[in-house]
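Sending over a structure as structure tokens; questions will come in a sec.
Letters A, B, C and D mark the chains in the order given here, with residues in each chain numbered from 1 onward.
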Amino acid sequence: MAVSSIARPFASSTRPSLSEQYRSVRSYTEKLCEPLEIEDYVVSSMPDVSPTKWHLAHTSWFFETFILRERDPHYVPLNPRYAYLFNSYYVQAGERHCRAQRGLVTRPTVEQVFEYRRYVDEHMLELLENLDEDDAVTLGLHHEQQHQELLLTDIKHVLWTNPLKPAYDSKRANQAGVKASSGWSEIAENVHRIGYDDDGFSFDNERPAHRVFLERFKIANCLVTNREYLAFIDDVGYRTAKHWLAAGWAVVQTESRQAPIYWEKEEDGWMEFTFAGMTPLDLDAPVCHVSYYEADAYARWAGHRLPTEPEWEVAARALPQLPQLYGDRWQWTQSAYVAYPGYSPPTGAIGEYNGKWMSDQWVLRGSSVATPPGHSRVTYRNFFPSDTRWQFTGIRLASSEC
Amino acid sequence: MAVSSIARPFASSTRPSLSEQYRSVRSYTEKLCEPLEIEDYVVSSMPDVSPTKWHLAHTSWFFETFILRERDPHYVPLNPRYAYLFNSYYVQAGERHCRAQRGLVTRPTVEQVFEYRRYVDEHMLELLENLDEDDAVTLGLHHEQQHQELLLTDIKHVLWTNPLKPAYDSKRANQAGVKASSGWSEIAENVHRIGYDDDGFSFDNERPAHRVFLERFKIANCLVTNREYLAFIDDVGYRTAKHWLAAGWAVVQTESRQAPIYWEKEEDGWMEFTFAGMTPLDLDAPVCHVSYYEADAYARWAGHRLPTEPEWEVAARALPQLPQLYGDRWQWTQSAYVAYPGYSPPTGAIGEYNGKWMSDQWVLRGSSVATPPGHSRVTYRNFFPSDTRWQFTGIRLASSEC
Amino acid sequence: MAVSSIARPFASSTRPSLSEQYRSVRSYTEKLCEPLEIEDYVVSSMPDVSPTKWHLAHTSWFFETFILRERDPHYVPLNPRYAYLFNSYYVQAGERHCRAQRGLVTRPTVEQVFEYRRYVDEHMLELLENLDEDDAVTLGLHHEQQHQELLLTDIKHVLWTNPLKPAYDSKRANQAGVKASSGWSEIAENVHRIGYDDDGFSFDNERPAHRVFLERFKIANCLVTNREYLAFIDDVGYRTAKHWLAAGWAVVQTESRQAPIYWEKEEDGWMEFTFAGMTPLDLDAPVCHVSYYEADAYARWAGHRLPTEPEWEVAARALPQLPQLYGDRWQWTQSAYVAYPGYSPPTGAIGEYNGKWMSDQWVLRGSSVATPPGHSRVTYRNFFPSDTRWQFTGIRLASSEC
Amino acid sequence: MAVSSIARPFASSTRPSLSEQYRSVRSYTEKLCEPLEIEDYVVSSMPDVSPTKWHLAHTSWFFETFILRERDPHYVPLNPRYAYLFNSYYVQAGERHCRAQRGLVTRPTVEQVFEYRRYVDEHMLELLENLDEDDAVTLGLHHEQQHQELLLTDIKHVLWTNPLKPAYDSKRANQAGVKASSGWSEIAENVHRIGYDDDGFSFDNERPAHRVFLERFKIANCLVTNREYLAFIDDVGYRTAKHWLAAGWAVVQTESRQAPIYWEKEEDGWMEFTFAGMTPLDLDAPVCHVSYYEADAYARWAGHRLPTEPEWEVAARALPQLPQLYGDRWQWTQSAYVAYPGYSPPTGAIGEYNGKWMSDQWVLRGSSVATPPGHSRVTYRNFFPSDTRWQFTGIRLASSEC
């Protein structure tokens, strides 16, 4: 699986037409909703979580706002109030409903939201008939893929919040593979080039490509497993401040944390909430749903550190066989999410896509079990704040001692 | 309407059997849900509001817990986890789901909750076949009637929270009647008897009946109208501290309040959110959805005051023709909700029903457009905190200057 | 002590002149400050607490604002900014510094505040030379006496907040007397008159005198002792919800309370923080620093209840020998603080003194060890919200079962 | 001034003895307190601010804990409770008083805190008689210098919080110099070495020295002035979201910000609160007290960006004549505060000094008017979170477009 998720799904030779791509991405979103009840679409279980219904509508709003309204002056929206309801954060695209209340909006109904999708699709497909390439449409598709992952992470949290702990899909788990190997790979000191300079799609934040110097370092061949993380918990873990960042320890104390989110200790041992409901913790699977604080504390305890963003990319380019790079867990780096030298955001509302988030977040690299196939790449920069736990985030270690 | 709501629905002569009463009350609850979409059942738009789904389940839980499990040792609950999910606040009945998360629970689905109702009904009706009178069952029915009113007040708030402002039922409004008359009625000083000492049903907090002395006072024949309240707003209203309680003024300032909740000033004048959606403010209707703070400020501005609880009851007994006593708006009194002299709560979890709420709330008297027919009576004590606005609350004035 | 505190200090026959009264009250305030270090005057240890420095200045501001500026158009304030800094809550007297920041204002210094007092005193005494009676001046003196009690309750909390637990005055304790007697006194049912209608001073909220009917009741001869309260703690106390008001139990849970504020359990037994620092709990002294929630829970546990406000006053008038009425602990009543029938506040800013606080508070009767001698009387209505604990508040029981 | 602050005060040739250094640093702290009243020492005006009294005591606690108690088993502390009261955040050094309550502790008095300083000094100087070099003592001196700067930034905020806006010292302003020049300096692409590898003192976070590659960039010769920042305010500034980071814009909106902290618009123009009180804004002085959010927004508006940490250090090494590097304003970089490759913290409580803060903060370089002479250096890494404004922080621009 890890391999398939980085494979370019629409490689240029056999690349499907833009309208085929559109159909494919849009229907994948709806497929993810199949296991849900209508009630599941409505609620938001915490500030980071958006309702499924909102994801379905917002991704349609994106095409409506940045393609249909831009290109066709005669386009008539299905419901003019949706522009207000389903704008996420694009200040330059107009006023919007406040995020904190997304989970309180019972209408439009789920059925009406699907109707909205069909309406947008109809107009989009008409427009795409005569389009071979289009940057804005391609951006919309990658945007929708990002919401596919969010839809999964969010509905997992919604279901976990329920004391009944219902499964999303009993045939789907989020544990992955058996630990392929252990040990480290070494990268010699050098000037390297990172960032995107190919001719396919990338987000603006992956550009421009530029050079970095890296001192010699080594990087772990595999992700930290549940077994290894459990050893940390059993040793000192959440009980002493020693290995924790001050801000992380404050959270551990305030919230009386004792394990990653979704873990629960029962008489017979540790259980974990997965897409299939509560299941016994798979000790060989990579640890999941750890925050930066936990990843950093584990790394210090283990005598190592997290890789920087350039180290990760250089290693991933140099050692493409490195296991679990993609499709298992997003990997925390100890690099803050800031602009690459020479970066400038696009003009207009689209410029808000990445540029205005460049503070108070860390870069994560790779991709996860929840990332749609073909979405990520070696230069891809995901980013979340220090205490994010509801994403499928894990730990790859690095070290300067070679 | 006002008249019918106080009429004893099950007057002893023609009183239907207990199982007929049960069927009648239970089906009325479900009738209230008919205009709703499945999505509407799920959310809670503020801490005071419970999801419709929860009201449906909790009222069934009440019968299950206090009747079925008490009477039948062999009773098997449909789902043992519901005892946890649908207990509201009965500490002695066991652990319960935290109130703040009621609106986040998407399962059981609405269909499963109706199934739960049918399951409880089936067992209850079997049991009621051989029962002619039963205090606990009667309490359960009055309890369900209270939740019928809450279901309406809550869903109104949920729908209002939605920027689309959908109607609950376009044929139903919450404005009532034309102002019947104006002027005051006077009650001479005397020792009076208040509280319930009849042989029908009453809540424990209406007892024991006892004597009070009232100095001479007068009470307004009708409720304050929107027109009158608007004169207060246009004069000084929410703009100067002068007539406000300090705590009320603090809220006005902090939340920049300018009118009752549900009011909205548009170009053409004031609109109000009703069960039928946004409609022009009916100037002759009694003002609705005002908090104690607003009721008190209005009364001070008008040079009068709110009645005390004994004054209201004495006037309602002496002047049964007094308009708008029942069925229009709950009427704030300036009496705190405390025990009557000699009150003692029943033993067991049922003792928590009223006794533990006797602090930090005001008594309201009468009943509202949302109160189910036959539920209220002249001794009925409703109670809410000072800043409650989502209930159908209005203002009846009183004065000591006769 | 209990006796002296109710004795009229300025009985008409021998009543000192107004300027003698002024000197006496003003110097008593300053005497209370003698044990303090300069640092102690500055801080506020919680939102209810004002700095000593602020009390000293605000009481002077009161005379400056309501006497000197009103009477003498040529009066020049020492510092015009003090009008802003030392207004407490009189909206009609102009803008004021926000309460939450009172403890952050290091200038004027303590020395400058005393200078401000001397400046006001000089002008006041000049004015009082030709005044024999003056309602506003008398109000200012009673106002200052109220702040004398607050100054003591506040500095006690400030010192307790310090981990070093310094004493205010090692020769002063707040425990009082030995339990004089036990048992109950009974009052027969009757119409009684309560409220102030004498020709001396009273606050507006004590008027008008009016009649009430009281069913027969009994009232405890003495206050509940620490020994008795400890029995409640040791039995179920803060560990089960059963006897608590819902709002009270919520606080107990949220704050993990296990005893009254200022109590601390050490190896050798319970200690209490007093004006003399940490001292062993005096089991015979009346329990102190309990909130309404605790007083009510104790009363329910003991099988009794708190008296109502009219019951307390009627008993105190009928049984003046009843021990511990005054000078020991303020006594919680189960009466909300609302206007007496026929009450209307004075006009102008002075009308804000009592009238705007008539919500969300309970009446307390009697007086405490911290009340200045001669300040209280049988009609005196003190008032605080349900969870107030830093005042010298205790418990007198009542019952309807005679 | 800028020059003197980077000059090594204790250059090796003429370096004073350790005890002379100790006396010099300790007395400088006390000199900073000379303009203060006793009341000023006590309070904390916001969570980031510690009372002056606390700084005086904590710096003494540092020597007591890490030198006196470590070296002399017979050392008897002046007051054993001070170990609890004056530990800041060293978890491994024992329990400590909670930060939020530092401003509520009125005892020990200021006089007692100075006595504590004298007691520690006496024992330290005895010990230093026989010491020529000592890493821990040197660390203690640099630690005290950091608190000298904090003492100034904190007391400035305390005095500003006071509506009277008292001056700290009317002869001292925090404006500096006239804009020396404008324009940019360019640095060619190259591999550079940054970090400390000299043999003097540095903090652990400045090490190890290591190589970085920098693409070509240019850096502004001078800091952004008040005049330039005012042009930003007058253009769009705090009124449109366009140039702001999302997190920054959220703060601007929530707090209705319109200018840097300490600025106030009066009829005659902008005023600024300085050590000398409110003074007219000096348009030629470098803008001060701007957060990262403001620095970044200004840079985007100006079409440039902030330098990265390596860019700043490389430019400062290559162009030592660059004006305003030191002694004017700390300069925000767009580099997150993380460990250098190969960094490992010292063992023991001292390891908490820098290592545990490496998240959610930005590096600032240079030094400010409040930094004690000789404290900073070219490798010095100061760090604060994104919304820090009470420090003396300013803006130096950089750009990748040469």
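By our rule, a contact is a pair of C-beta atoms (placed from the backbone, for glycine too) under 8 Å apart; a residue touches a chain by one contact, two chains touch by 3 or more.
Keep in mind that this is a model prediction, so the values were computed, not measured.
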{"item": "Mutual neighbours - chains that touch subunit C and subunit D alike", "value": "none"}
{"item": "Subunit A-subunit C separation of Cα centroids, rounded to whole Å", "value": "59"}
{"item": "Inter-chain centre distance, subunit A versus subunit D - centres from mean C-alpha coordinates, in Å", "value": "37"}
{"item": "Where subunit A and subunit B are represented by their mean Cα positions, the distance between them in whole Å", "value": "46"}
{"item": "Interface hub residues of subunit D, defined as touching at least two other chains", "value": "none"}
{"item": "Full enumeration of touching chain pairs", "value": "A-B, A-D, B-C, C-D"}
{"item": "Footprint of subunit C on subunit B - complex, ascending", "value": "89, 91-92, 189, 191, 210-215, 217, 241-242, 244-249, 292-293, 296, 305, 308, 334-336, 338-339, 341-342, 352, 356-360, 386, 400-401"}
{"item": "Interface residues, subunit D side, partner subunit C - complex", "value": "37-45, 53, 81, 84-85, 97, 101, 103-110, 158-159, 161-164, 166"}
